[in-house]
Amino acid sequence: MTHICLADLERAARDALPGEIWDFLAGGSGTEASLAANRGAFERIFVVPRVLRDLTGSTTEVKVLGGRAALPMAVAPVAYQRLFHPEGELAVARAARDAGVPYTICSLSSIPLEEIAAVGGRPWFQLYWLRDEKRCLDLVRRAEDAGCEAIVFTVDVPWMGRRLRDMRNSFALPDHVTAANFDAGATVHRRVHGASAVADHTAREFAAATWKSVDSVRAHTDLPVVLKGILAVEDARRAVGAGADGIVVSNHGGRQLDGAVPGIEVLGEIAAAVDGGCEVLLDGGVREGGDVLKAAALGASAVLVGRPVMWGLAAAGRQGVRQVFDLLAAELRNAMGLAGCTSVRAARLLSTRTYRYG
Amino acid sequence: MTHICLADLERAARDALPGEIWDFLAGGSGTEASLAANRGAFERIFVVPRVLRDLTGSTTEVKVLGGRAALPMAVAPVAYQRLFHPEGELAVARAARDAGVPYTICSLSSIPLEEIAAVGGRPWFQLYWLRDEKRCLDLVRRAEDAGCEAIVFTVDVPWMGRRLRDMRNSFALPDHVTAANFDAGATVHRRVHGASAVADHTAREFAAATWKSVDSVRAHTDLPVVLKGILAVEDARRAVGAGADGIVVSNHGGRQLDGAVPGIEVLGEIAAAVDGGCEVLLDGGVREGGDVLKAAALGASAVLVGRPVMWGLAAAGRQGVRQVFDLLAAELRNAMGLAGCTSVRAARLLSTRTYRYG
Amino acid sequence: MTHICLADLERAARDALPGEIWDFLAGGSGTEASLAANRGAFERIFVVPRVLRDLTGSTTEVKVLGGRAALPMAVAPVAYQRLFHPEGELAVARAARDAGVPYTICSLSSIPLEEIAAVGGRPWFQLYWLRDEKRCLDLVRRAEDAGCEAIVFTVDVPWMGRRLRDMRNSFALPDHVTAANFDAGATVHRRVHGASAVADHTAREFAAATWKSVDSVRAHTDLPVVLKGILAVEDARRAVGAGADGIVVSNHGGRQLDGAVPGIEVLGEIAAAVDGGCEVLLDGGVREGGDVLKAAALGASAVLVGRPVMWGLAAAGRQGVRQVFDLLAAELRNAMGLAGCTSVRAARLLSTRTYRYG
Amino acid sequence: MTHICLADLERAARDALPGEIWDFLAGGSGTEASLAANRGAFERIFVVPRVLRDLTGSTTEVKVLGGRAALPMAVAPVAYQRLFHPEGELAVARAARDAGVPYTICSLSSIPLEEIAAVGGRPWFQLYWLRDEKRCLDLVRRAEDAGCEAIVFTVDVPWMGRRLRDMRNSFALPDHVTAANFDAGATVHRRVHGASAVADHTAREFAAATWKSVDSVRAHTDLPVVLKGILAVEDARRAVGAGADGIVVSNHGGRQLDGAVPGIEVLGEIAAAVDGGCEVLLDGGVREGGDVLKAAALGASAVLVGRPVMWGLAAAGRQGVRQVFDLLAAELRNAMGLAGCTSVRAARLLSTRTYRYG
């Protein structure tokens, strides 16, 4: 079947994956209010397109975190990608490289970060703060040594949110999938009734990061540091003050605080407050090229895309991921042109309206 | 069966047409968010009627683009009307003429424009900007020579939007339906898996119009020029500055930028900004006479009606189209009188409110 | 079965009545948007109750149009009540009299107005403006002579709205039901395919009232004159200026202009604008005692109740109507007490909020 | 089955209870508009979490009404808890004591208040105003003597609201369940068609409290007095002026005035108006720890939890209640940490947003 939108790949992925793995990917925390809101928020945004502009030289290319990307997006950090396909992170990283899109290696990757970084392209490294600070900073050093171009420091996970689907499934990783950058041992594989082994593992390993952690990371690396998981204007301002090179406005895909405001709802005011002091990225709810246009209009210089990329991976491996980028690229080019924008930067000047219907 | 509202004709048309042709008519682009919003926007508008006014001499007649129309409406440009009935554009143009309603000949008509214009009444000609500017301006000249009274220049189609239904149907025109004003050859008839032959054709023929194109058209004809597809106040103001005789506030029936704001949502502010500098028409979502009243209250001097006219055509040919106008006329007369308005101009003074229920 | 809310009686009435008679009662005009909105508007209003007030001497009694009513309500004018029960208007008028509630005799009553007025209680007379002004004013004189205490002049019916259910049913009155105050002849009984015989009849008999008609009526009678069908603040102010004793804020139960704003939405601003210059009543959507409290909080001195009274009539004749008043009285006493109000006037000081959920 | 959220216990309780007892617990008054709104209001509140704060020393403990509570919550007063489990109030009080949560003994407890108070922990006593003021004040004295630490004076029940489920069920208490603090005799057990025996009983026993009643209670006891059932800012201010130690912002779980605004909607403005003049608690709609965080952000120092505690009781007695507290505690700790709050007081500084989706 030809896939003509990402929802087609979502269906294919759901068909391809065991239920509990689908749930691990698709689920949110608690009542999944924030998960649903991430989509609901995009759906009530409407754009006021401009017409009759000269579209010559239109491009989706952007500069983000000091380098070029063919699209204003990067692959969001997603844990344990071998759950979705045997080639896991490598398949995604290769497709991302080929598409000119940065790939964010997750701390909890199921393939060692060095192997993924060796794929080339523009790897970024995502960092969780660990109880063992030394090991944490070692990961940063490893990432830098491996050629990663940025550190995406996740700041909204003092511990994993209560993901009820995983708890209901007593979810644990299959034996062949491990936290390859850690020595996690058997704990991520041991099923505990009514609990998530992944959450248990992180509860043992992770620590709550603070602004001091940010200083530590920055002192430890020369790479650009991006703080992922900012929703409050005050925190965005403080990130700038702390020297962050960028922030990702995100509620962690509805997987951390259930009831947290969707990033897209606060993006505009955060972008205005930051006012160019650092790059502002958006994460959560992007499901088509038109969503990227909306995010750009509200002030994002790029977006992170997580679940849709994994749909492609689960549906058809590296080729499936490439299809995801191809669709997003086609949709974005289409949306930009129909809105009269020759560049992502130009999209920032579009006016948006918020309505609820139906 | 007696048809007492346009929805009755919609059902009849859906029954009469093959699925893929229905989809070509009914569908929008992308997730069809703008398509649905066009209706949702009308449904949340409520009117504050006036009472006890003298209704003597009430009329639905208006002056639009330099001529009279029996109703404040015109037939919207719709491509390839022989898809819906063997008599195609001729049946519609005759019914429109008989009803005193201007008919907009589409560049992509399935009958040569001259034949349609020969029907009489008040033909207008819709123009797409073409890669071959000479051919484009030739069309304008042909239209003028054939007696068309206005050029409706579509400004929101640098290319066709991503209409997923057509892509899913691998839609192509049947052999007997062609772009009669072009020499399109076989390409509109060749099915390509996962693609729309109509979109492919336009991608080859159309070019993105600019404000310079508007100047070219105006320089090339003495007919009034209307820019169709304006949604931004700034573009409306610029249209006035560029000497446009009118604009059509429209998101192209939800068929171009998915997520574009419905025209009716921005009509009021555009009418206020234009402030009589040119005529302001509204297109998209009109499904009954009461909608025309709402559009008038928000500042439109007339509306374009597309899909409902095609429902009449598909259901019962020329007679079906006449029924559409008869229903709209009866509904509009009813709505105007119940709101205390003796003319469409008077309706502009009605107050409206926006509520969401249910 | 015990009926513990009006919805119970609605179900009983729907079971008791032939489909086309139910439709005549329940239906609205056009898409029934205003009909639905009348309920939707009440449902999104929430009240801020007061507590710990002395409830001694609480009463639902009010003074309305110069007389006392046991409840802040009157029976709305409803045509042809013998459609719903053999005793028709007499059953309702008797139950209203017994409950201390004014009954509005409809011009289109199916029993002569004098017979209904002879029931006693507090009859009011509803007036449509007729093509034959003399006959119209004769009706006023007859009503006054028969002891009616007020003229409720319907100002929102230059003609009947397009009630699609009746048109679809080719509705006509059964032979035993006639416009008893007119000599309507056979026309209300003749079925015409796709049309409503009732609408046809009124189209022949009714004329569009104007402010001059109001002067004529006022000059012709000493009774208080109430204008029913006001929704615009400007019309409310003009009603005061024209010497009206009261107005009924109403969209005619969603049966005239489809898309007309619900009365309850504009009640507050109209009450504020009128500022005691005349009485302000509310009509449309009242389905329980709590709705009466909401209307009072927004400035109504009383409400008209139409369909629910007819539910009682259809379900169980005079006893059924009495049940309707008993339920409304019990619900209203309950709501007033729980909101801390000892009188309907006191309810005016309650604060309301508007929210949409679910 | 493992219960991982309160909805699991709700299902278990519904399965465990006879339909009419479930209805008595779950139902609201009238159309249950306020009941539904209590949840709808929470669902449209979103929180803006803070990140990177030092979470060391986080605690859910609060000081409330002069004592400590392990969680910012107390068990709401609920009548006749032996309806839900043979051990009734004792099971709940014991679980509350063990969890460090105050338990509010209801005037209408099915076990004598002294026996419940003897369980220990932090018992509070809920008071209805009675026709026999002496008996009422005797109850206060008994409660004080039994060791209760506060009087929760219910001010929104001049009589019981119209709970249609109970009326439809002709609900009466089974013989083994009685109003143990009263000598209610047979009346709460006698089924009356279409009526609630519980409502009939209270109609005979209860009187409408006034501000004078508040003075009487305060004069009669040295315990802190909390007024439960405040929704208007003016009443909240007056409560402070009357010397109340606290108020509970509440619409009585949607069981009194149907159409009363949800407490959570007015909490913020009431907390601002009270401005520390007394403690402000919130009641109604709390179904998970995240709701407690929302209430805290809007100004509540604690919440009352009623139905969920009864779900635990019905599902598994004292152990079930303990599960409820354990879940609420885990959810609240999680939500506080993910929002960057080390204390309930700190949560007050969180920003909230209101959106409706889907």
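To keep things simple, chains are lettered A, B, C and D as they appear, and every chain counts its residues starting from 1.
Methods note: a contact is a pair of C-beta atoms (placed from the backbone, for glycine too) under 8 Å apart; a residue touches a chain by one contact, two chains touch by 3 or more.
In this text, all values refer to a predicted model and were calculated from it rather than measured experimentally.
Interface chain A/chain D: under half of the residue numbers present appear on both copies, so the contact uses mostly different residues. When the CA atoms of chain A are superposed on chain B, the rotation angle comes to 90 degrees, reported as a multiple of 5.
With chains reduced to the mean position of their C-alpha atoms, the one farthest from chain C is A.
Work out the mean CA point of chain B and of chain C, and you get 42 Å between them.
Each chain gets one centre point, the mean of its Cα atoms, and the points for chain B and chain D are 59 Å apart. Each of residues 43, 356 in chain A touches at least two other chains. On the chain C side of its complex with chain D, the touching residues are 2, 4-5, 43, 45-55, 288, 290, 293-294, 330-331, 334-335, 337-339, 351, 353, 355-358. Interface residues of chain A facing chain D in the complex, by the touch rule stated above, are 30-31, 33-34, 36-37, 39-41, 43-44, 155-156, 158-159, 161-162, 164, 167-168, 193-194, 208-211, 213-214, 227, 229-232, 234-235, 238, 251, 256-262, 265-266, 356.
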